[in-house]
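Okay, so chain A shows up in both of these, paired with chain B first and chain C after.
Entry: the complex of A and B
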C-alpha cells in the first residue's frame, strides 16, 4: 500500500510536469512574452531538441556562428542563418525573399525538414495539448493555439528585437562626438561615399528592399541561384536580399553561404571581388571596379561596422 | 548737402535690410513624411544634414541654405558616384514652421517625401 502511494505520487508529479510545461515560469501575458517562450521552446521541432534559438542565438544577435546551421538529427541547412533582429523595416524574409511577412516567415523553419521538421499542424497540436500554452494563448488571443496565433506570437517577439543603442546611434542621435572614434567617423564617411556601401545598405538598419547579385554566383562551385529560385527570372540569378547591418560584428560568418569568416574578409571581397570570385555571373555593375581601399580605409570601415553593435548585446 | 545724404543712405540701407529678413534654418526640425514615418531633420552650418526616423539615422548628406533655397545631397539618391544636389525652396510659414517646395529633384523617393512637407522647429 505504501509503495502504491509512492508510485501514484510520482506519476502525479510527472503528469503535472508534462501537463504544465515550464510551469516554473509564469504564463505569458502578452504576445511578445509568448513569442519569446515559443522561440526558445524545442517543443516546436520533431525531435524536441531544436528551437528557433538553436540557430538564432541571442548572444550573436540572433544569428548563428556556423556557415550553415544544423537542424534536427544534425541535418545541415543550405544557407547561412540571418540575424532575427531589426527586421521591422524588411519587406521580404529569407535570403531569397520567399516570405512577404514576419508571420509567414515564422512558420516556415518549423516545417522545413532540414530545420525543425515539424508540420505546422503537428506543432499546433502539441501546443493545444499543453496546459501551459492553452492558458497562454487563451489569455492573449482568447482562443486556443492555432497556426495563425503561433505565427503572430513569434512575429511579435522578433519585432521586439530592435536595437538603436549603439555607439553609432549615440554619436548621431545624441550628437555625442566622443561616442565613437575618429576611425569610425572616417569609416562612416567612406561607407556613405567612395566605398559605395550606402548604395545598397541605407536607411534605419542599413538594409534595402531590393535583391542584388554581389558576385557570389558562378554556376559552378557557387551555384545557389537565390532570388531566381523564387521568381524563375534569369535576371534574378544570384541575387539575394540585402540584409541589415546592425549588429553585423556579432553575426559572422557572412553572406548567404557563410563563406566569409570575418568582417575583414567581407571588406577585402568588396575591395576587389575578382580576386576572390573571378568568374561571376550577373554581378551587379556597382562592383565592376576595384575600390582600391588602403589598409587604413579597411580598418576604418571595419570599425564603423563594429560601432553598429547594440550595447545590450555587448553587455551579455 | 552732405548732412542730408548720410541719413538718407542710412535709411535706405536699413530699409533694404528689413526686406531681406534672414531666416534661421539651421537646427533641428520634425515632420511627417508622406511615406509614413515621423522624421527628424538636422541641418548644420557645417553643410551636413541628418534625417532620423524612429530614433535611427535614415540618411546623412550635405546641404547648403541661402536665400530661402536649399541645395541638398543624399548619398542614397546619387547615381554613378556623382554628388547630385536637388533644389528646394523653403517657405517659412513663421520662424518655427517651414514647408519644402521642390524646384528640381530627380530622386523620386525624396521628392515624394519632401515636396510640400511641413516641418516644425525642435528646441
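Entry: the complex of A and C
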C-alpha cells in the first residue's frame, strides 16, 4: 500500500516535470516569459550547469539559502545572494551599488568567473545558435539575440516579480485590522519608532537610496569594505546597500556576507552590536547605543518582519 | 522645551478633533488621494489620516511612509518622517475647497518633507 503511494507520488512528480518542460518549450511571446526562460536556462553558463535560478531560488523569494552561493565548478562567491524580487524601486544593484540598472546588472553574473563564467559574447552566440531563442527574440524584438535584448528580457522578468500581497500590505492598504496580529502591529511601531529601523529602512520596500555602515566591517575577519571598493572614499568604508525587507523571512541567511542565520540573530545584533562585533570601523551613529529591547519587543519585531512575506510565496 | 511645546500642540489638536466639530467643519481624517503620471504611467498616492494621529501614505499597492500629524485650527504639524532629522516638526496650512484640500508650507527645515508636502493638492476619496 505504502509502495503504491510512493509510485503514485513519483509518477506525479515526473508528470509535473514533464508538464513544466512542455510549457517552457513553447516559444515565449513576450519579454517577461522570454526573460523567465533565460533566467532558468543553464545555457548561459560556461559549464551549462548554472542558471540565474541556481542562486536566486524561486521558493526562497529568488535568494539563496547558503551564506555564499556556488557558481560554475563549485566556485564560491564572496557575498550573499539577495532576492531578485521587488527590484522596481531600487536605484542601484548589488550590495555595493555598482550597477545602476537591472539591464546593466543582468550581464555581470554571466561573465563573472565565480558565477556563470561565460563571456557575454559567447552567451549571445549560444542564443543565436539556438533555433528556439532565434525565434523568440525575432518574435519579440524583431532582431536576433544581442547583449542588449538579453539584458532587457532578464530585466523585464525580474521587474515582474513585485509582491504586495502580504499580511502587512493587507493591514495597511485595506485598513484591515484583522490581517495581522497585535504583535505585528507593536513590531511595526517599534520598527517605525524607537528601534530606529525606519531611519534607514523606509519606503515601499523598506530600503532607501543610501549606503550605510551597520558595523559589519573591522578590516580583519570582516574585511569587505563595501561601497568604498567602488568610490575609493574612506567615508564609505563598510557601507552597504540597505537590504530591502520584503519576503525577508524567506531569504536567510542575512547581510552582505550571510553572517546571521536567522531573523532573531539579526535583531539580537541590532539590539547590542558591540556584543557581536566589538571593533567595527566607521559604524553609523544610529547604532551607537544598545536598544535594550525586551524579549517581547524582539518577538514583535520578528513577527513584523515575517508579515512582509508574500502570500503567493507562502503557498508554494 | 521643544518637545513640551509639541506635546501641547498635539493635545490642542486632539481637542479640536472631537466628533462634534467634525460635523460642521471640514476634517482631515479619512482618505485623500493624488492622481498623477510618472514616466508616462498613471500613479496614485493615497493618504489615510487616522484618529490616532498617524497618517499612512501608499502608492502602487505599497506603504510609502507612516508618519505622525496633529491639527490645530487650519495648521497641520507633521513629524516622524525618516527623511528628516529626529524630532523635526514641519507646519503647513490647510485650505479646504469642498472635496479637495491644499497644503502650503508655513515653517519647516526638512527639505525632503517640504518637497513632498508643500503645494500638494489632495482630493477626498469617495466611499
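One rule holds in what follows: the second predicted complex is superposed on the first by the 292 of 316 C-alpha atoms of A that agree within 3 Å, B and C clash if a C-alpha of one lies under 4 Å from a C-alpha of the other, contacts with A are read in each partner's own complex, and residues count from 1 in each chain.
In this text, contacts are C-beta pairs under 8 Å (C-beta built on N, C-alpha and C of every residue); 3 or more make two chains touch, one makes a residue touch a chain.
Computed from a predicted structure; not experimentally measured.
Undergrad: Chain B versus chain C on the shared chain A, clash or fit?
TA: Aligned through their shared chain, the two binders clash on chain A.
Undergrad: Where does A:192 make contact in the superposed view: on chain B (first), on chain C (second), on both, or on neither?
TA: Both partners, chain B and chain C.
Undergrad: Looking at the overlay, what does A:147 touch: chain B (first), chain C (second), both, or neither?
TA: After superposition on chain A, A:147 lies in contact with neither partner.
Undergrad: Which partner does A:169 reach: the first (chain B), the second (chain C), both, or neither?
TA: Both partners, chain B and chain C.
Undergrad: Counting only touches as set out at the top, which of chain B and chain C does A:202 meet: first, second, both, neither?
TA: both
Undergrad: Which residues form the common part of the chain A surface touched by chain B and by chain C?
TA: Looking at chain A, the two contact sets intersect at 164, 168-169, 172-173, 188, 192-193, 198-199, 202-205.
Undergrad: Name, in rising order, each residue of chain A that touches chain C in their complex.
TA: 164, 168-169, 172-173, 175, 188, 192-193, 198-200, 202-205, 208
Undergrad: Mind listing the chain C positions that touch chain A in their complex?
TA: 48, 56, 58-66, 80, 82-83, 86
Undergrad: Using the touch rule from the top, collect the residues of chain A that touch chain B in their complex.
TA: For chain A paired with chain B, touching residues are 164, 168-169, 172-173, 188, 192-194, 196, 198-199, 202-205.
Undergrad: Residues of chain B touching chain A in their complex?
TA: Interface residues on chain B, with respect to chain A: 50, 52-60, 75-76, 78, 81.
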